[in-house]
Amino acid sequence: MDFAFDEKTEDYRKRLLAFMDEYVYPAEAGYEQAYQGDWAPPAELERLKAQAKLAGLWNLFLPGSHGAGLTNLQYAPLAEITGRSPIIAPPSLNCAAPDTGNMEVLAEFGTEEQQDRWLRPLLDGTIRSAFAMTEPQVASSDATNIGTRIARDGDEYVITGRKFYISGAMNPRCQIFIVMGKTDPEAARHVQQSMILVPRDTPGVTVQRGMTVFGYDDGDHGGHAEVIFDEVRVPISNLIGSEGSGFAISQARLGPGRIHHCMRLIGMAERALELMCTRALTRTPFGKPLAEQGVVQEWIAESRVRIEQARLLVLKAAWLMDTVGNKGAHTEIQSIKIIVPSTTEWIIDKAIQTYGAAGVGQDTPLARLWATTRTLRLADGPDEVHKRSLARRELNRYRSA
Amino acid sequence: MDFAFDEKTEDYRKRLLAFMDEYVYPAEAGYEQAYQGDWAPPAELERLKAQAKLAGLWNLFLPGSHGAGLTNLQYAPLAEITGRSPIIAPPSLNCAAPDTGNMEVLAEFGTEEQQDRWLRPLLDGTIRSAFAMTEPQVASSDATNIGTRIARDGDEYVITGRKFYISGAMNPRCQIFIVMGKTDPEAARHVQQSMILVPRDTPGVTVQRGMTVFGYDDGDHGGHAEVIFDEVRVPISNLIGSEGSGFAISQARLGPGRIHHCMRLIGMAERALELMCTRALTRTPFGKPLAEQGVVQEWIAESRVRIEQARLLVLKAAWLMDTVGNKGAHTEIQSIKIIVPSTTEWIIDKAIQTYGAAGVGQDTPLARLWATTRTLRLADGPDEVHKRSLARRELNRYRSA
Amino acid sequence: MDFAFDEKTEDYRKRLLAFMDEYVYPAEAGYEQAYQGDWAPPAELERLKAQAKLAGLWNLFLPGSHGAGLTNLQYAPLAEITGRSPIIAPPSLNCAAPDTGNMEVLAEFGTEEQQDRWLRPLLDGTIRSAFAMTEPQVASSDATNIGTRIARDGDEYVITGRKFYISGAMNPRCQIFIVMGKTDPEAARHVQQSMILVPRDTPGVTVQRGMTVFGYDDGDHGGHAEVIFDEVRVPISNLIGSEGSGFAISQARLGPGRIHHCMRLIGMAERALELMCTRALTRTPFGKPLAEQGVVQEWIAESRVRIEQARLLVLKAAWLMDTVGNKGAHTEIQSIKIIVPSTTEWIIDKAIQTYGAAGVGQDTPLARLWATTRTLRLADGPDEVHKRSLARRELNRYRSA
Amino acid sequence: MDFAFDEKTEDYRKRLLAFMDEYVYPAEAGYEQAYQGDWAPPAELERLKAQAKLAGLWNLFLPGSHGAGLTNLQYAPLAEITGRSPIIAPPSLNCAAPDTGNMEVLAEFGTEEQQDRWLRPLLDGTIRSAFAMTEPQVASSDATNIGTRIARDGDEYVITGRKFYISGAMNPRCQIFIVMGKTDPEAARHVQQSMILVPRDTPGVTVQRGMTVFGYDDGDHGGHAEVIFDEVRVPISNLIGSEGSGFAISQARLGPGRIHHCMRLIGMAERALELMCTRALTRTPFGKPLAEQGVVQEWIAESRVRIEQARLLVLKAAWLMDTVGNKGAHTEIQSIKIIVPSTTEWIIDKAIQTYGAAGVGQDTPLARLWATTRTLRLADGPDEVHKRSLARRELNRYRSA
């Protein structure tokens, strides 16, 4: 047992921390204001991407030859650092959801043709993508609920359905959707679904409106779209994997995705704690700095302890994914999905409280960090679904006994 | 001891509930969409105001001859009902903050001239007003911190300072500000402040920008403005009360204000619980309605119990204000300020969780209700300040012993 | 709506408060030490009972002509006061569980013979009683689970079963048990059970051992016995009510019982808060009284707010029982069962924390108050059962809609 | 970074788990009943100690040549296992507090004579010891508060003071006390204290009474004594280290002590979770196993996640102590002191709730585990003191910036 990062990780951390200081934090101040209301990131982002490529900080998330070749355990602390500035840093490094998961899917399950057509420009950062799973009418935590149909018709598939909260899909540079739907509603529960590639400009695709997240439209990273698929036709070669493999691919996709989300959340929690401390040292109501008030001290101490616990669990989950595979890491992946968003939410809430009115507005990053974090308590299935599943596995240990 | 409403209250409740059903709830669907981006409420509001006047549901908040003449205990359950639709119902009845508090101040402390000029149109609902206390540079929970200066210069006062989160002030119909500032920074701690009337169009007043609350700008009820006062000159007759009376008037203003906020929050909590229940009955992930899942049942039961407790405490605080005065009700007023926002926040959070992604967006009122509620944990001073003050009074009971 | 106590209540409160000061608190110091290890209360108790009779503070709990004739709303604040010294005050006033519930049952459902034989001496305080419902093998929250059999055999009933946590039953003065069992296991779910009177000295009754509650055997108020009924025979005239009425009677018994428990818990919470405050004022680690530390202040303020909320809800439940009956007060009775023990537990926990090691030991009443309170989170059915039931009723409001 | 145990640890774990199965768990059933009321462990313990020696599971806690020579990181998972049966396993392996800490002090700071006289028999398990620091009159979390005097008088020290909650000191086999007191109340704050060896039979030592922990006197592992030192004289050679070194030695002693406590608490939490799961699988109120009820599943999932987080943080703290020393591990040691007792308390509370009445009594280990755990939230200083200290260090990171 050893709690030190390896040399490669330390090297990447050093370079990434320098990149944050030199490029990312300075870009924060004007970033939201530079947004043009066109659902595309400010132009500044392209400059940051170029710098990240130069710095060798590109596609860090992707194992294997397509990406930087890091293990999950090596990437995790880097994802944490990008989480400190979650609007700017991940896309600057081409490490932003949902592209990351989509690239993983294409790298692992895509045909050569699919990789040439879509993976390559995604790896290059010249286009963006979206992952269209969530639907308004059904609880998407239960994949068997999905209403979208993918019906074979000769050499084509015909896609019909309604999706919402499709992150990034408002961005005009988002050119390709991976759509989850049912190819065979009569098949066994977990082989009804398939994933299929749908170019944004296919007839029948309507990007209807941007959904909000506690008032934010997140326009500067592509929003969250409601998208209608009305008898959309694509060639059968657009199917990813085989018919019925959609659920299995989505599970494969979610493992690393959760690690990444959780690590970024740790970074967000660290940022919030830093903001809480600096505020506490400078704000002096009633003649005494907040930093000397017991309740604020309790928040700070609790935050530190909770962050350390959460980070270790995320790192262990990453280590297990690397050593025994996603399946062997199932309990730990589910555990971090359960604990990290709520932990980070708690910390940001306390940071907001130290800022008073300023904490809920646009002059600190806190309110927006909060909205993102709160949403992750229900994205990919609400916490409650994961708790139930985890509890069942725990109980099973005693069932056979 | 008697927990039944009196006859007058029951009559008002009946009429108000009918008004909600007939006018308010039907207006909800199109209201936000009707907003023109001009920081003014949608035109629909004027129609609702006319109906409320006709229905005898106007200025209910105001005791005495200027208003409906209800006691706090009579008004509280009516405010609760308006809280079920907090964007639309309160202004429809001319019972929306901050006008309510401002009208109270003018009714109680205003000169005849001030009442003629500003109270009358406010009571008629032809103009709106704002209350400019909070400042970005200092913790406003500590009134002695206030940086804005109100300096006497001959027959005028000269006002210089920066305020933010001035609710309603972005609304072009908001014509008058009550500004809190220091007339004598050298005086004893609680007599340094004064309140003064500043018409919006006075030279030197700049309504700088709208502040956000989580992602909301609340444009449809006048936003929350940053306002700069740069050597703004008003006649000395604009002073409310005497020099140094600002802190005392603000305390008088806050008592009923908190009751109103808290009662509306109870209504918001009831609305959220209703939404949680209806969702739980209709949403069926994994083949079982949410309504049959233990965790959701626990949320519902906890919500019911917490709401009942909170409502009773608010009603008792109102009763005390009526029977022993605001000062005698100090502990209870502070208690509801502490407990009601956090209780309501908890309930809305759980309602959101039952809605999944839909809960954080624009298709249910929940996310916006949440943002409002969260903000009330820090408006009028963060909970922590009130807890400290309440604890000291509790401890004092044992000090003399 | 009126939050003031009526005159009669105020009169009783005044006299009871005086009795507490003159007799009860002074008896506390030596009480536990005076306990002889014989499962009977210290002799001092008889002196206190005599004084309470003289003071007209006897059988206050019992409505109607058998008792003091108070309403639930009038008795509730008196029960609260006795809860401040829960080992001594309730039995001193002949208002201690389980006798109170048993007397209610006998007064309401007992035959004249049963009343003469058992109710009279209980009302006089010359004997004690026990209520034998809970069983070790089944979840007693579900009455249909009960395993004890009450089988008719000619002119007798034959009782066989095992009960535990039968409070008061170790006390040699406890002469009569009301036993819950099944007379007809094949009947409909809620009419299988009956209650029957079993004198302690009946052959086949074995009072096996005292059960502990977090290490306490509660010997000074009769302990909590495991009792075995092995073919115990009693005349059929010992049946209370009719066969199959056991569940209904137990529900009738529980309503007031919960009010009493909850009101005493409010008194216990007040006592704990008082102890917390006095400790905080006198303990000075690191050169500053605990009373000036923010975290302790937060505990005190939270405690005050929670107590006020809980008390109002208990009082409202009592008022409803008086005005619309136990059934109409169902939600509120269940609500206080859910919220009051956990609230009081939280407060006592914080009080313990201010005392450090002294808080967990025998030199303050806190640890024992805590153990009692914690147990009430599961006595009469765990909180979770009540929450589920309450949630269902809440959901039903929207089902028909 | 590597989350696997090393080979040596795995070997010890395997042997210890076998020892638990073969000797410890089977001894549990009759252990408390075998206790003779003499404040000494049941005779069975000596047999277990002999077996542990044979199994090479003796003095595992002690690094260096006196003990098993394990690192903190190696010992931690073994301490966890002993925590599953915390009354029996630790003393069986001669790894029970307070002897462990006392042996560490003697091994590190004792003179050769002190080691011969006291360390040797402690290592052999032929005597027990106590650590006399806590005092009833002062907050012991603040060492400068200590009231006990250790006054030099020629060749002797004269000790006068009152201590309480001296664990193990009621045990007649407890022959030696390490007493903390002030040799120089006028010295600088942290060099006023010294530690001194006081044999139990020294004139002037009165072991006054056993203190309780919730209702437990913990007689079967030596109780918690109030001890009076009334002009007790010992030779100056009994001083440990030099005058004024008491605080520094106590800090050195507390580091490993906290790790041990926390690791045992993890084991207690695992035991409670196991009991919760087995109960949930077999208890079937209302026709459905507790294991299928959502609220119970939530408890189980939360417990698993919290345990994993807490364990990792304890292990990291152990690793830091081994790699950068106790001082470098300060934040992590304090963190586990803050989080582990409250985490374990939460889990045991939920386990109790699944057992209903049986959970608070003597037929499961839960209630006693709870009492021990709750007490650790205030032993060695209440959580609040540690949070304040940790917060200050966190804030200091931003002070210099």
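Before moving on, here are some points about what is shown:
To keep things simple, chains are lettered A, B, C and D as they appear, and every chain counts its residues starting from 1.
Note that in this section a contact is a pair of C-beta atoms (placed from the backbone, for glycine too) under 8 Å apart; a residue touches a chain by one contact, two chains touch by 3 or more.
Because the structure is a prediction, the values reported are computed rather than measured.
Across the two interfaces under comparison, A-C and C-D, the one joined by more C-beta contacts turns out to be C-D.
Its interface matching that of A-B in over half of the contact pairs by residue number, C-D stands out among C-D, B-D or B-C. Rounded to whole angstrom units, the spacing between the C-alpha centres of chain A and chain D is 43. Centre-to-centre, using mean CA coordinates, chain A is 53 Å away from chain C.
With each centre defined as the average position of its C-alpha atoms, the distance from chain C to chain D rounds to 37 Å.
Shared interface positions of chain C, defined as residues touching 2 or more other chains, are 293-298, 384, 387.
Of all residues in chain C, only 1-6, 9, 73, 273-274, 277-278, 280-281, 291, 294, 296-298, 300-302, 304-306, 308-310, 312-313, 315-316, 319-320, 331-332, 335, 338-339, 384, 386-388, 390-392, 394-395, 397-399, 401 touch chain B in the complex they form. On chain B, the positions that touch chain D within their shared complex are 293-298. Contact residues of chain A toward chain B in the complex are 134, 136, 138-142, 145, 164-165, 211-217, 224, 283-286, 293, 295-296, 352-353, 356-363, 367-368, 370-371, 374-375, 377-379, 382-385, 387.
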